[in-house]
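A, B, C and D are the chain letters, set down in written order, and residue numbers restart from 1 in every chain.
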Amino acid sequence: MNTEKDKVMDIKEAIKRFVKNGSHISIGGFTLNRNPMAAVYEIIRQNIKNLHLYAHANGQAVDELIGAGCISKLEIAYGGNARFAPTCIRFKKAIQDGKILFEDYTNYQMALRFLAGAIGVPFLPTRSSLGTDILNKWGFSKDLRKKDPKIPNKKVIVMNNPFDSWGDASKVVLLPAITPDVTIIHVQKADKQGTIRMKGLTFADVEQAKSSKYLIVTCEELVESDELRDDPDQNQIPFFYVDAVVHIPYGAYPTACYRYYDYDPIYLNEYRRYAQDDDLFKKYLDKFVYGVKDHQELLNVVGKERIEMIKADPRTGYAINLDRK
Amino acid sequence: MAEYTLREIMTVVAAREIKDGDIVFCGTGISMIAAMAAKHINAPNSVIFFETGAIDSKLEELPLTVADPRVMYFTSMNGGLADSFATMQNKFISKHVIGILGAAQIDKFGNLNSTSIGDYLRPKARFPGSGGACDAASFVSRSIIFMQHEKRKFVQKVDYLTSPGWLDGPKGRKKAGLPGGGPSVVVTNMAIMRFDEKTKEMYLSGYYPGITPQKILDNMGFEVDISRAKEVKPPSYEELIVLREKCDPQRLILE
Amino acid sequence: MNTEKDKVMDIKEAIKRFVKNGSHISIGGFTLNRNPMAAVYEIIRQNIKNLHLYAHANGQAVDELIGAGCISKLEIAYGGNARFAPTCIRFKKAIQDGKILFEDYTNYQMALRFLAGAIGVPFLPTRSSLGTDILNKWGFSKDLRKKDPKIPNKKVIVMNNPFDSWGDASKVVLLPAITPDVTIIHVQKADKQGTIRMKGLTFADVEQAKSSKYLIVTCEELVESDELRDDPDQNQIPFFYVDAVVHIPYGAYPTACYRYYDYDPIYLNEYRRYAQDDDLFKKYLDKFVYGVKDHQELLNVVGKERIEMIKADPRTGYAINLDRK
Amino acid sequence: MAEYTLREIMTVVAAREIKDGDIVFCGTGISMIAAMAAKHINAPNSVIFFETGAIDSKLEELPLTVADPRVMYFTSMNGGLADSFATMQNKFISKHVIGILGAAQIDKFGNLNSTSIGDYLRPKARFPGSGGACDAASFVSRSIIFMQHEKRKFVQKVDYLTSPGWLDGPKGRKKAGLPGGGPSVVVTNMAIMRFDEKTKEMYLSGYYPGITPQKILDNMGFEVDISRAKEVKPPSYEELIVLREKCDPQRLILE
């Protein structure tokens, strides 16, 4: 929260200032789309640890953060990344090896939990998951819940409808709000003050952004305010929610950014091979994350040709006929 | 008779289950092809929508995930997760919404596991988790489930009940307080399974040409009634043309 | 709810088909903006009675419907219409004279109640109104609540936070969902199938639209689907929520429609004078509602000059320097 | 000393209460002018927003209602009611949000009535109702209240408690479960009233030049402490210029 006029800074500073060891964070995007990858790589490079991550189906970023050992606790709905990883590979390994604490929700439930945080209520109700193990199996122990004031006392609560059968409902599931310390999203356009315009699907980015104490926004284009205010119906987040605006073209790479570029199937296939094996994964990090000083250098390593290949077609917003096998 | 692959017959069989006017909650892969095919074959006024918020996308190319930029093109509206699940939970709309789901395990009441095998906290195998599957299975009026017919997948009891089927029987959903209808059909690589109207237990409704009911039973971890089973009508030439030329000309899914 | 391709009909048919004596209805817009006035006048002309109206601050339309005797029950947050009527005049009279049953909420609460209906939950929580008479004073008796299955058993419920002090909240107010039989909104653009694009503020139109069993949309422009689908990020309601699309230019007149026309201060001032007195108000209805066969005829009575006067400036979206005294 | 009208001093006095960085929930009329003036005088980084969903509008002309098309122009974002109230209820944002409210009645704890006088179901006088006032009074960190100083408006007990002030005293809001702070100041046509830090009871903080504390008491239905009252600094020439030239050059509100 910040009403100032200029919040532009570089990604190193933004991460350093707002993401600390042990922070509770959330990241925008969905599977292989609009993940704030430049910010994620910077978190890994800054060696920030013990993060508590809230995710719905944030795919690639989740897997890389887990793989790099940044995450100690995870609340999640879906750890998959399309055919590139039907189950995210480092996520799968970390859970099977007991390396992280985790708790499962549904995508709607995570969206509602962010929404609850965004609108300032302690919980929101849904009728999803009644009768399932989402309600029965808790990932965080009662003891941990008692000790850690940043984890709610209960995973979920099933309540009888206090309005009798109003809405044809006998029961509802109450989901506790999430209010992360920091949320990071990558968007198409922002101005210096932090007015935000996304194109295409917004996923749960708006709810995540508004639920958070601090909000870092990385953007493809840093534009004049006039451009965004000339048609404010198209903007999704007003500036005062934003704490840092970082201009990073291709900031979602190797995931997609609608109307700018597609996901890079070559990178994601390569990632899959590296991720299968612990030693190989170290090599991946050494080469593509630690081995580059910033996102631009990663793009240089990947090479112009690949960047050219994924460029979005202006009519459809994605790379037509991209080889995605 | 036209030649066809297993994937093709599965897709066509699922497509036939979609009715005109249905609003189809869709994942990726074969379920998306089935939903696309239905619009060309039997349900011109059906609508495909994705949990990510894309409604009635113009799918010029096959998306690889529900967040693929390809789902965002030429929709009626691009929203977000909260919108799209709310659409399924909406009292008036939900009656017209159907879901297409898949899973790692299924039991005789159509309950699904897409979370993990073994102990939840330290599983033998971890899968992606619910995503929107549990939400859809909770809300929609009926659902179509895709499964591979294997003993370890058709189980007495799912290790983790991710998405509700009929729970423990005909009264299960009502007792639990769930709003939507339960699963209506399971489409596998061998057969079509349905759920008995009274008991809500799975039974064999149809087997693919060349597959015997016994072979199907051999590939399941529980017994089902096979007395009502008939051979499934294979895909017609017209249906196959739709699949091959309109839905997946690049053969990304149908191979 | 309807997935068909062509839902275009005229307003007479739309009202006749969906709005019945005793229907529970809601209308879009806010005070003197984007009220679906053409539809409201048609309801009055068709002499539909005993309506149960859900309103937040829908201003002009609410006052005219009450004045014409169409409303028997009202759930409302605000009955005012700017300086033209600090308290809506026929609304004020009807309540002071005991002519209608009514119940008070806040604007946020009404928005949340529509949202609850839209998203299919029996209630939503808020922390607004704790300690106030909004909670204590109920307009509908317990008896009426028991008898009428379309009214919830309780106006509101105050509940202790079941997640202890999660979200720093000790208590919440639960508000019962609204699911009207019909909602009517007026928008800038629609296609035949019912994809909707509004410009400027959306108020609670989206929530009202989605909460409703049937949805009538009147629009300034009936456009080709391609125009709306070419940038679907700008659309707010997908077509399958819509049951009737009615093309009525100036359908919000005498209220405003952003980027098309402003409110008409002359009409609204005149209305105020008519509304002050019962006999005068009958004359108002005779002349401006019953006396014209449709909305176009009302516009004819008002005259071209006035319509020209309120035309929106293309830069700002309203009529610059309009005399609004 | 510059000449000024009552409305002008009220506006300036309220504007001075707005701090830099405040996000101002604003109604129409004099409260909007006060919020606009503050941006020019003492709070350049304050932000005006409207319950209808308009955030940081460029107000080239004065809106007559919060739904006036004039509030929709050149904003940071145009949303809706649900968004805008949620902004006020948001845990992190609400700490920076202040409200400007008015009412028909006020009591010594700053509780407001804008609903009705007399019996709720069959009132002697009906007013518009809460609108967003109760929401703002529930959520925001502090609020500025505009009132006309009249005996029938400053009452022992409001006929209908529409918008919460300090309720029944210093613990009232906490007991009720309200999140935000209570009213901080009442700006009238005669005086500035504040609330005692300990008792949360209203006291006279300042009286306008030419008005005596006794006259103020004569126009109230309850007693207040006048021992802390000082004369209010009249509007400066610069403040008046801002009002007259930047905020309401058409004299729609200031007359």
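Here, contacts are C-beta pairs under 8 Å (C-beta built on N, C-alpha and C of every residue); 3 or more make two chains touch, one makes a residue touch a chain.
Source: prediction; values computed, not measured.
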Starting at chain B, fewest touch steps before arriving at chain D: 2
Touching both chain A and chain B (chains): C
Between chain D and chain C, distance of the C-alpha-averaged centres to the nearest whole Å: 28
Mean-CA-position distance for chain C and chain B (Å): 40
Geometric centre distance via CA averages, chain C-chain A, whole Å: 37
Chain A residues counted as touching two or more neighbouring chains: 117, 120-121, 126-127, 167, 169, 172, 179, 200, 233
Residue list for chain D, restricted to those that touch at least two other chains: 72, 78-79, 82, 89, 91, 139, 179
Chain-level touch network, classified as line, ring, star, complete or other: other
Pairs of chains satisfying the touch condition: A-B, A-C, A-D, B-C, C-D
Sites on chain A touched by chain D in the complex: 1, 3-5, 117-121, 179, 193, 195, 210, 212-213, 228-230, 232-233, 235-241
Chain C - residues contacting chain A, complex: 116-117, 120-127, 152-154, 157, 159, 161-164, 166-167, 169, 172, 174, 176-177, 179, 198-200, 233-234
List of chain B residues in touch with chain C within their complex: 21, 23, 45-47, 49, 55-56, 58, 72, 74-78, 82, 86-87, 89-96, 139, 179
In the complex with chain A, residue positions of chain B that touch it: 28-29, 51-54, 60-61, 64-73, 78-82, 85, 89, 91, 115-116, 120-135, 138-139, 160-164, 167, 172-179, 252
Residue numbers on chain A that touch chain B, as the complex places them: 29-33, 56-57, 59, 76-84, 86-88, 91-92, 95-96, 98, 104-109, 111-112, 115, 126-134, 136-137, 139, 158, 167-172, 200-207, 256, 258, 262-263, 312, 316-318, 320-321, 324-325
